[in-house]
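Listed next: structures, encoded as structure tokens.
One chain, chain A, appears in both complexes that follow, with chain B as partner in the first and chain C in the second.
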Partner chain A sequence: MNYNTTVLLIIIPILSSFLVYMPVGLIKKSFKIIFLATILFNLLFSLKIFSVVLKYGNLITIIGNYHPPFGINLVSSFFSILFLIALYIVFLISAIIFIFKNDTKNNQQKISSVLLLYLASFSEIILTGDLFNLFVFFEIFSISNIIIISLKNEKFSLKGSIKYLLISSIGSALLLFAIGYIYAILGTLNLAEIALNFEKISFFSKCFIIFFLMGSILSELEVFPFNLWISDSYAGAKNFVNILLSGISCVVSLYIFIRMFFTIFNYPSISLYSYNFPLDIKLLLLTFFSLSIIVNQLVALTSKNIKRILAFSSAATISTILFALTSGTKSGFSSAILLIISTIISKPLLFLSSHQITKGKMEKNLDSFKNGINRKRYFSILFIVSAIFFTGFPLTPAFFGKLMLFYTYASKLNYYTYFIIVIIFSITVEFFYYFRMIHKLFIKDETERENKNIKNNLSISYFVSGLTMISILIIFFIFPNIYEKVITKMSEEIFNQKEYIQTILKLGEK
Partner chain B sequence: MIIGLLFYGIILSFLALFVRKKYNFLRWIIFSFYIFLTLFLTITIGKDSTYFETFNLISILNFDLSLNFRITPLGWLFTLFTTLLLFLTSIFSIVKNKNEDAERLINFFWFILIISNTGLFLADDLFTLFIFWELIGISSYFVISPGWVSSFRAVNYYFIFSIICSFFMFSGIMILYEGTGTFSIQKNVLYFISLFENSPLNAIFVAISLIIGFFVKSALFPFHIWPAQAHAKAPDDFSSVLSGIIIKYGLYRTILFFIPLFLFIKEYPVNHIMVNNIPLFSHILAWSGAITSIIATFLAIESNDMKKLAAYSTVANMGYITTALFSLSSFGIAGAIFHTINHAIFKTAIFLSIAAVKYRTHETQMHKLGGMAYKMPVTFLTFLLAIISAAGIPPLNGYVSKWMIYQGLLSSKFPFLTLAIFLSSTGAFMYLFRALHSIFLGQLPEKFDNVKEVPFLMQIPMYILMFLMVSIGIFPQFVINLINSVLTSYNISNINIKNSMIFSPLSGIDSVKVFLAFTGSFILAFILYLIGKPRKHVQPLDTYTAGQDPADFNLTRELYHFAYKFYGPFEHMFDSFRTDTKEFYDSIERKINEIGGYFRDFQSGSIRGTIYTFMLSFVLIIIYWWLL
Partner chain C sequence: MIDNRILYIFSTILFLIGIFGAITNKNLIKILVSISVVETASNIFLVSIGYIKNSKPPILDANMGKISVSNLNISDPLPHALVLTAIVIGVGTTAVGIGLCIRLFQYYRTLNINRMGDKDEL
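Right after this comes the complex of A and B.
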């Protein structure tokens, strides 16, 4: 296999995104096939790359024969390619729902073009080894996010997307600022080379870079004071968009966070200390993320709209993952990975099933869940199972994740142990509102019997995608050994910054 | 074998889900059968402490997360009596749940609960213990409130308390794990003891995190309100399980951890504060038990709902058990374990008879009932024996264990604790008699004239419970010998028992002689009754109206039934001491909701506000960094 074919993962979606948009009669008829075929190609090809990575280690793609640290290069490591596969699966499910839906028929061609751009952009973000490239595709990513949020022509969705537009543009400005600064002092934009030289730069520059890079992804990470867009965006967006936002958008930004903090800054052994500004970055981040966890959980607790509850619960989970990552230890990292696994699968399923349960109701609030178990038995069961998986039923990935999180912070009594109370609070609140929703499903609704005539047809696309995700969940439940190896390998890779630098820059020496 | 049992339980629970509503008795028969199987296996395995099983699950970063099971004398004893009582309750449930709504859901989660019950008591490591602990919390949520609006608030008290306590416990476990590198209970307990010598701060953190769980699960003050909520609103047959068994889990874990610790400190009291020859911490716990029992007794006297009354009685009993346990004498510990078993038996009897009354009358308010004794004789007899046992009157089982508790407390010189227990024990007479009077004696309301005794299948567990109460009361040696093996495993001196004669440091009783004396006096009274003058059955209304027609006075039987505000004057005495603990928790909930509501409105604010917030918070972070 040619090492440089990895780039097809990005090029083919971009090409077909333009192709799909063309107003030619033939394409108008067959754009669905092109759309799905592209996604399938990406999924299958990434699996192929994964097998190669397993055999030979990291794959480095060099574009235009400019060896790193010059030019654009893609790095497909075990960590990144596995992330990509998981995201492709979620994307495929969401795409199937989108394609077989009736109410988006008019502009389906245009939207599928946007979705393909979205696919290309997050593939590039995850694979890239170059900071500027990351910035460019991050922009495309945010723009496609804005478009798909505003698809539903409602007050909410427009408001949400404008909020997102403004926040993400400020974020990109901060990112660009940081990139400019890095280029000014280090003269390179290659991630490996930045990582190599990061320790040598001055204290002030380090802090400057960290704050600005962090500030740029905070809005995508749904951390509290920066997440004011999610309230309207999630509630106003279409169902497949909710799946994309909760299953992909925040996970991609989590990936960026991990790459920046662990690969570039070498966070576990970062030393940010000077006599003038003794910065305890761990404490700063912990305070920040704890606040975010508390606020997001409280909003989820008091909201009535189903989509809002799920959105804020997802935001709280992302903050919990960040909280785990902040420890900078292997156990914290593995906890984060386990929670990410649980989020990627069960959150989209929660959105999907809740959408089906509340279908046909005027207001999508808690009361529309009543009697769900009799109205929509299949989706209610999906909802219950995914909620239980998400909250951390014993022996699920989320349970092990929380176990590792407790180990990370509670095993040694120190200043940071007090933050474990935040996690206990968060878990309690989360259990409360998820179980309240499940409880609503079993409540018998007396008024329901009158309008029994509503058609209760089961849409095949929802059925199949729900079945796929639930079977993945159950496989994870029955065979926990699957993620056992994954975690070990991922943490080995992430905590070995030197190897990452070596594999990339050695190529440049030749 | 244990893992197989748990595994088949899960399969059966799913199978039972698919039984059609028409044949739902089949579902409950599968359920009973499984519990019987568990009981059978528990007895056949025996209390052989060498039995051991491991199931490898997963290991993350050298974390060995495997399920280990071992049979210890304590775990075996708890498994035996809980499974026996669950089996009796399940027989009751077959008929009871015939027309119950949501019985499918109740069955499924109850199944999970029973599986976890076995797993919890036989767990050999803390990880396994925690898993089953969580499972019990989650599954009992849906048994208490299977889509019922009425019990939703009640279940949340229980659920939130239990989640908080289980995760506090978990953080304690993690500190222990850091020291030992294993989850094994034995090693961790030893490490826990040594931690008190080496790093007291860590040890106190662990102790507090574990004791919070104990306080919550055992409903000690200030968490004493959840049983009255949850037990009262749960399905009637499940209330007996909640009250008899689920409330004991915290106790089990405490015996595992704290008894070895306190006994060690008692023996080597260097660098520790000792009060009355026991550690200060243990003393405080003993007093918290006593306070709980007094508070719960007063609350039980006040309550008018019969299930609430029984729930508060449970809390009071947990108070006695706690006090006895932390008096740390061998008689106290044995008495506590014995009373745990006895309480489970008579409380199951009380709740089942209440469930039987409710099954026929659909009424829980006591003042609306009355005169059920003639209509439901078996239920009446069960209830009568159960409250005699609960009040600690010989010759039933409650007497023996309460006697042991008093002996334990007095022999280790705790006069005030004994007084407190005695006070609440006297209170128990008041509320239990009131329940007996209001439900079974007095006037039968006219609408219940056609009430019949419950079906025979529901009577069977009642007969067995009556038999158990009487036989343990007469021959306590069978249970005490089992408890002695538990005491031996903790290196505590055994209870001196010869046949039915128990010797305490202060005195001794022979329960057979006590039984004979009581039976003799009953027979004497019966003979007097037989040889007395010929009798005529007089209706109470006849005497009330002095021979005139009651209809002239508009007098109905309900009016004559004196049950509402039974202890009104007595309650009035304590008006100025009354505080509402429930209101306290409700106010916390309201405040959390208020804060959440503020943030919710803030989140869906205007677009301009969003931008300002973003910029401002970014600047604030940087300022925060400067100030730090």
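Right after this comes the complex of A and C.
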């Protein structure tokens, strides 16, 4: 396989996004086929690349024959391609729901164009080896997010959308400042070369770069207090958008965090020490993420709107993943990956099933779950199973993830061990509000007689999507050795900064 | 001749003014303008990086002759190219923001963010 064909993962969705929007008769009729074919192409082609990566190691794509550190290059490693495959599966499920849904028929052509840009942007973010390229596609990703949140065109969705726009705009300005500063000091924008020289720069410059880069992705990572947008965005957005936001948007930001902290800053061994101002970055981040976990869990506990509960629960999980990553150890990283697997599969399923259970109800609050087991038996079972997986019942990925998180902080007794209290608090609160929701499903609804006219049709797209995701969950439950090997290989790659630098820069020497 | 450091300080001040405006203003349009100021500050910072004192513009013309060590004192064109992209992205974001403001105005008949609250917030 030609090394440069990886770029098709970005080019094909961009071309298709322009193609599906064309007002030509033939395209107008067949845009759905183009849309789904593009996603399927990306999924199958990424599987092909994955097989090549397994056989020959990292693939470097050089664009315009400018060898690294010059020009733009794409890096397909085991970690990045596997991340991409997982995201493509979630995107495909969301796309199926969007295409076969009746209420978006008028705008489907326009929305599918935006969704394809979204697909291209997160593919590039994950594959890119260039910092400015990352900025450009991160902006396209943010704009696509803003548009898809506002699709419902109601008060909540518009408010959520503008809040997201304001926070992400400030974030992008911070990212641009950080990029400029890196270029001024190191004279390069290639991630591998930045990683090579990062240790040599001064204490002040390191702090400036780390805080500005962190500040730029905090809004997407839904970390408190930069997560004010999620309250309205999730509650006001369409169901397929909720799946995209919870299953893709925050996971892409997590990927950027992992790449920046581990590959570029070499986080566990980064020396942020000055004689005048000793800075314990680990303690700072742990405090920050602990605060985020506590606030998000408490807001989820006190919320009444189902989508808000799930949104803040998702934000709390992302903060827990960041908390695990901050440990900087292999066990912490493994714990984070297990929790990411759990989030990618369970969270979209929770949104999908809860949407179907509350369908037809005027208010989407906790009471709309009443008698769900009789009204929507299939989706109620899906909700219960996904909640069990998400909260971390024994032998599920989330269970192993949380267990490893305990192990990470308790194995060495120091002042970081006190942070375990935050995890215990988080797990307890999470169990409480998920079981409150499950309990509501079994309570008889006395007001239900008034709403008997509601149609109780089972949507095939929702049925198939739910079945696919629940099958993946059950496979992970029965065969835990699948992710055991994957996690070992991922942590080997992430903690081996030298190999990443050598593969890219040695190619440039030729 | 302007020193780079003056431009760095100027862009930092502009950045802080923009952040202050975004935090203290209640009108959505004013907040969007403040964010545009923040973006402009980052663009100025990026352009100033490419500038080298007493340097020539990076244009190869008849007066310059062949590229040699003596006429290598040219400003770095890469940040300029990056800024062009950043400006385009900034304009796109502002346009989407103004579009959303129009739709919000149609719902609430105001652009004051304090008057856009609903009773069932959380």
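Basically, the second predicted complex is superposed on the first by the 505 of 510 C-alpha atoms of A that agree within 3 Å, B and C clash if a C-alpha of one lies under 4 Å from a C-alpha of the other, contacts with A are read in each partner's own complex, and residues count from 1 in each chain.
Here is the rule we use: a contact is a pair of C-beta atoms (placed from the backbone, for glycine too) under 8 Å apart; a residue touches a chain by one contact, two chains touch by 3 or more.
Bear in mind that the values here come from a model prediction, so they are computed numbers and not experimental data.
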Which of chain B and chain C A:Val299 touches, first, second, both or neither: both
Partner chain in contact with A:Leu228 - chain B first, chain C second, else both or neither: first
First, second, both or neither for A:Leu291, with chain B first and chain C second: neither
Touched partner set for A:Gly180, first chain B, second chain C, both or neither: second
Winner by number of chain A residues touched, once chain B and chain C are compared: B
Touching partner for A:Asn153 - first (chain B), second (chain C), both, neither: second
Touching partner for A:Leu166 - first (chain B), second (chain C), both, neither: both
Partner chain in contact with A:Asn481 - chain B first, chain C second, else both or neither: first
First, second, both or neither for A:Val464, with chain B first and chain C second: neither
First, second, both or neither for A:Phe132, with chain B first and chain C second: second
Shared chain A contacts, counted only where both chain B and chain C touch the same residue: 159, 162, 166, 170, 174, 231, 299, 302-303
In the complex, chain B residues that touch chain A: 57-61, 63, 65, 101-102, 105, 130-132, 134-135, 138, 141-142, 145-149, 152, 156, 159-160, 163-164, 167-168, 170-172, 174-175, 177-178, 201-202, 205, 592-593, 595-597, 599-600, 602-605, 607, 609-611, 613-618, 621-622, 624-626, 628
Contacting residues of chain A [partner chain B, same complex]: 159, 162-163, 166-167, 170, 174, 207, 211, 215, 219, 225-232, 277-280, 283-284, 288, 295, 298-299, 301-303, 312, 330-331, 334, 338, 373, 388, 393-395, 399-400, 403-404, 406-407, 410-413, 417, 420, 423-424, 427-428, 431-432, 435-436, 438-439, 441-444, 480-481, 484, 487-488, 491
Complex contact set, residues of chain A against chain C: 132, 135-136, 139, 142-143, 146-147, 150, 153, 155-156, 158-159, 161-162, 165-166, 169-170, 172-174, 176-177, 179-180, 183-184, 231, 299, 302-305, 308
Residue numbers on chain C that touch chain A, as the complex places them: 15, 18-19, 22, 28, 31-32, 35, 38-39, 41-43, 45-46, 49, 78-79, 82, 85-86, 89, 92-93, 96-97, 100-101, 103-104, 107-108, 116, 118, 120-122
